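Below are two complexes that have chain A in common, paired first with chain B and then with chain C.
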Partner chain A sequence: MNSIGISNVPRRKTYWRDVLTIFLKDRSAWISGFILIVIFASAIFAPWICSYGPYQGSMSARLLDIGSPGHLLGTDELGRDMLTRLIYGGRMTLLIGFTPIFLAFVIGTTIGLVSGFVGGKINTFVMRTLDIFYAFPSVLLAVAISGAMGPGIMNSIIALTVVFTPQIVRVAESAATQIRNMEYIDAARMSGASSLIIIRVHLLSNVVGPIFVYATSLISVCMILASGLSFLGLGVKPPEPEWGLMLNTLRPAIYTKPFLSALPGIWLFITSIAFNLLSDAFRQAMSKKS
Partner chain B sequence: MFLYVLKRILYSVPIILGVSILTFALVFMAPGDPISAIAPADAPEEVVQALKISYGLDRPVPVQYLLWLKKAVTGDLGVSIASGRPVLGEILTAFSHTLSIALIASFLGVGLGFFLGGVAGFYQNSWLDRIATFLSLIGISVPHYWLGLVLTIVFSVWLGWLPSMGAGPDSGAFYWDFEHIKFMLLPAITMAVIPTGIITRSVKSIVAEILAREFLVSLRARGLTDMTVLKHVIRNALPMVLAVVGLQIGYLMGGSILIETVFSWPGTGFLLNIAIFQRDFPLLQGIVLILCMFFVILNLVIDILQSILDPRIMRS
Partner chain C sequence: MMNNQVNIVQDPDLGGVNQPLLIIDKLYKRFPIKGSFFSKEKKYVHALNGVSFELKKGETLGIVGESGCGKSTLAKLISGLLKHDAGNLIFDGQGVNEIRGISLKNLKKNLQMVFQDSYSSLNPRLTIEEAIAFGPTMHGMSHEDARQLAIQLLSRVGLDANQFGNRYPSELSGGQRQRVNIARALAFNPKMLILDESVAALDKSVQAQILNLLIELKKESKLTFLFISHDLQVVNYISDRLIVMYLGQIVEYGPSDKIFEKPRHPYTKALFSSVPEYKKINGVEKIILSGDPPNPIHLPSGCKFRTRCPQAQEVCLKEPVLQAVNPHQDYWVACHLAHPEQGKE
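What follows is the complex of A and B.
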């Protein structure tokens, strides 16, 4: 879209519209978006799609091959339908992959913006404190916290939020520091706007885009890590369907049914690629625009 | 130069202290009284009290921390609750095992990442670029523990070329002969996948950014060969690339738990897994502390190397 025809419209509106236009021209954005919609929709509407229940097993039909009659993708070690478990598994995997990033996005943006806006000693203190978290390799930090707190979905989510919040704070803080000395902030302050309003209206609206794109690029990492925690036995507990946990419980079958036991990982892989492609397309659209 | 190094070392001290506080605090994240992690549930009251005193758990928490820190500084990380042996010895053995596969993985990751990233950056929008970019997307997207399982299926179960578990005969002593390297290959290859993807991406964007700089455009305009241009690109990219590589090696050491669990590789990750499920807190804290120290020192070394390669960093 060229900007000649709409040059009299305020910049902020056209900026996002242009980004969206570039984004929608990207073929990989369409493909990955489509994959994600299918996975999300099937997870949400699982009870209406699946002909079996996620916990419904049969001792006589264990580890059936892919393509068995009645079980399109076979059955797992307890005779439960694989396709059903994979579709239901998306619920948990997406939940524990998404929630920490969402929480980290909200908490991290708040801390980063306030700290960057206030500046000075307080900012230095906050950022130095966060440097401590950077001294932990992220997998180690996640495993150590959820390992110490014990297995469970809530504990995994807390551990992963702790891992990803400092990274978002850093991005938000550097963006806020760049903007806080801009003239329009001074102008807003002179016009009598309170700090809260300046942060909410002027800072937030200007930095939320880049922070959001950064956060989307973390989703796939978070999802793989979350499923990894379940794979280790630290996250979701059986018999709940979850891709990482399913990989773990199917591990003894890799010698007899290799394809079947690798299936949950393929689901995880495809979802992760789709998230990365989508995030890349978004970032490219934004960098092409500016 | 000396001043910069000194400043950089001093700057690490509060970080190391912070790491030690966080590591110490892991015990308090556990549900229930820390003593319940040490004493059996049916232990009589006197035994619990005696244990509390011997572990210093009867003192206020800050005092406990300082006592723990004082010991840790001298290398005494306590005794493993599960095995009864000093924690440090166990960790150092495991550390050497993790380090050996991490080294192979780093060579693979750095070599492949440099090659793919360099090609993609140099020949942008060519089919070479597209292949390299696709490979790096796979590298950063693949769940590595799943890839470990797939490699096991292919190379151990089907082809029978490589062993799928353990570290080879007599894993106590360590040798770099084929009998042992055979066991390292699958874990190391699996481990290399993520850094390969990330290094490819970073090298590509760094190379592309440098190629767009004016001095290189002018070099090319003056008709210099690709080889000479390449030299300038490498000279300029090295400090930035070094930072990425250093970070990745640190992540390899700290993030090995999933891979080591898949391959039963007797490294720090495997030990960490044992420590978590046996609620062995001295071991857990010891591993976390040692791995973080390694990471902090690695970052320090990388920073100093970077400032030697690019003295501008020191001044800013």
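What follows is the complex of A and C.
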């Protein structure tokens, strides 16, 4: 009965490697990945790419048009090179777009898995407590928290973490509750494994994928929210380059130089679309695999 | 009701050589039903209502009954995945619910279960080799030793480790997965294996292969089996003794060939008469039971089967006691009609 196999060579494949293989065949994954790599690399290596400094302005060259000689994307209201500031701005925007999601992913997955696995009254208590955060629109909650804690990068990162943690907890909890009732969890219990090991070996491996996809789709939301906080003066402070803040400071020029003042927004848009496409491709690869 | 079916476990001989591996004494289990938040009255599903039996070492005990009769609840209670409300459950001389810690871990090791759904009982993210090796590593075996053990066990259940070891459950057929499940249970070198509808989801030819594998394993390693199924033919094929359950109670308990030869309880008769082959051989008419099994929330008084029993009489309003019907004391029936003297006192 066991002669149906194709070859006797042991295959050393893991689930994630299979997912990656499918993922790499997706064209939108390649395009969005390329865009993100360019944005990331330029942000990291900004001092070596840019010919201007991010704070270096010139009173005589304010609000130059896109395509002006010497300034490929023009200059802002203080005569600083736009391209330079957009590249440098990526550093801050990506930092406050990523860090809260990463923190929320770690904290939220832990809380969600444990509470979903334990179940019962404890789970109800945790979930209903976190529902309080759902009562507020996320933008309002972020504004309220960072407003209460005062402006600053650290505070806006904390505020955004608080906003996104309950959402990830909810995804993790529902995944854990589903898997908790699977018979392989019963089998693991019968093997005498402790709950912690069951969560780590049997639960985490089965839920980390969907949670990860959800978290990557939140990165773009978080970046926009973070830029919104800067726009309102609650996040990054001038003259620090940051896309949301740049959008705010260029606001008065919207009638005279509409394209120029929309540039940080376009940058933000492209980056979030790239993140969304990437997480979409990842989700598709995982669903194809299973 | 509480004193029903007492006399099966007469004098549990704990620790002796002939001590039964598993003693179940007046086991009760009910599940609360979630009502609305404000409702005062708590309702329960009565899954097991005083079940008692013994399982000797090396014996294969079959449990049959229609769905909802408490077969799987019984399996989960024995395996320790659920806790019973009342009664005693003694495995290998130890009460399952009294012990904790290391000895509980060892007890679990000696009592393994093969589940019904071969797919959901294997973690889709672990290769089958990893799945089998997981248990032994929990008991302190090194990863390399556990891997070697997994390879041995795979070949013991008829799967080539080179070919299948690194595959995922989704890449195996149902029968192959069930073999993996058996190998995983065997990895603990258990004394007893509970098979909860383990072949129900497989087609007939694969079923036969798995059953033959189980019989082979039994011969090799003197395993004790508790075989739960709704398929009478399968149960007859594998078990030495048989329990017929109805609504959380044992209605008939005895050597399986004797029960198959001449069932005494009206429910067992009806159950067997529904098997085509059985009808042909024994020439019985199919007995069609009227109605559905009663709601396990509100159990009928007296004999639980009287609401559907074609032979129900006035005496059935009294609860029948599970009693021996033969001088050997190894065949027990809970029916007034099987013991005419019972209802008269």
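We adopt the following convention: the second predicted complex is superposed on the first by the 275 of 290 C-alpha atoms of A that agree within 3 Å, B and C clash if a C-alpha of one lies under 4 Å from a C-alpha of the other, contacts with A are read in each partner's own complex, and residues count from 1 in each chain.
Assume a residue touches a chain if its C-beta (ideal position, glycine included) is under 8 Å from a C-beta of that chain, and two chains touch if they have at least 3 such contacts.
Everything numeric in this text was worked out from a predicted model, so none of it was measured.
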Chain B versus chain C as contact partner of A:S115, first or second or both or neither: neither
Which superposed partner A:A193 touches (first chain B, second chain C, both, neither): second
Residue contacts with chain A in the superposition, chain B compared against chain C: B
Partner chain in contact with A:T129 - chain B first, chain C second, else both or neither: first
Partner chain in contact with A:S156 - chain B first, chain C second, else both or neither: neither
Which of chain B and chain C A:T84 touches, first, second, both or neither: neither
Touched partner set for A:E183, first chain B, second chain C, both or neither: second
Chain A residues within the chain C interface of the complex: 1-2, 5, 8, 10-13, 15, 182-184, 186-193, 197, 201-202, 205-206, 290
Complex interface listing, chain C residues touching chain A: 79-81, 104-106, 108-109, 111-113, 115-117, 120-126, 131, 134-135, 138-139, 158-160, 162-168, 170, 175-176, 181, 184, 188, 209
In the complex with chain B, residue positions of chain A that touch it: 128-129, 131-133, 135-140, 143-145, 147-150, 220, 224, 227-228, 231-234, 244, 247, 251, 254-255, 258, 261-262, 264-266, 268-269, 272-273, 275-277, 280
In the complex, chain B residues that touch chain A: 14-16, 18-19, 22-23, 26-27, 29-31, 137-138, 140-147, 149-150, 152-153, 157-158, 250-251, 253-255, 257-258, 261, 272-273, 275-277, 281, 284, 288, 291-292, 295-296, 299
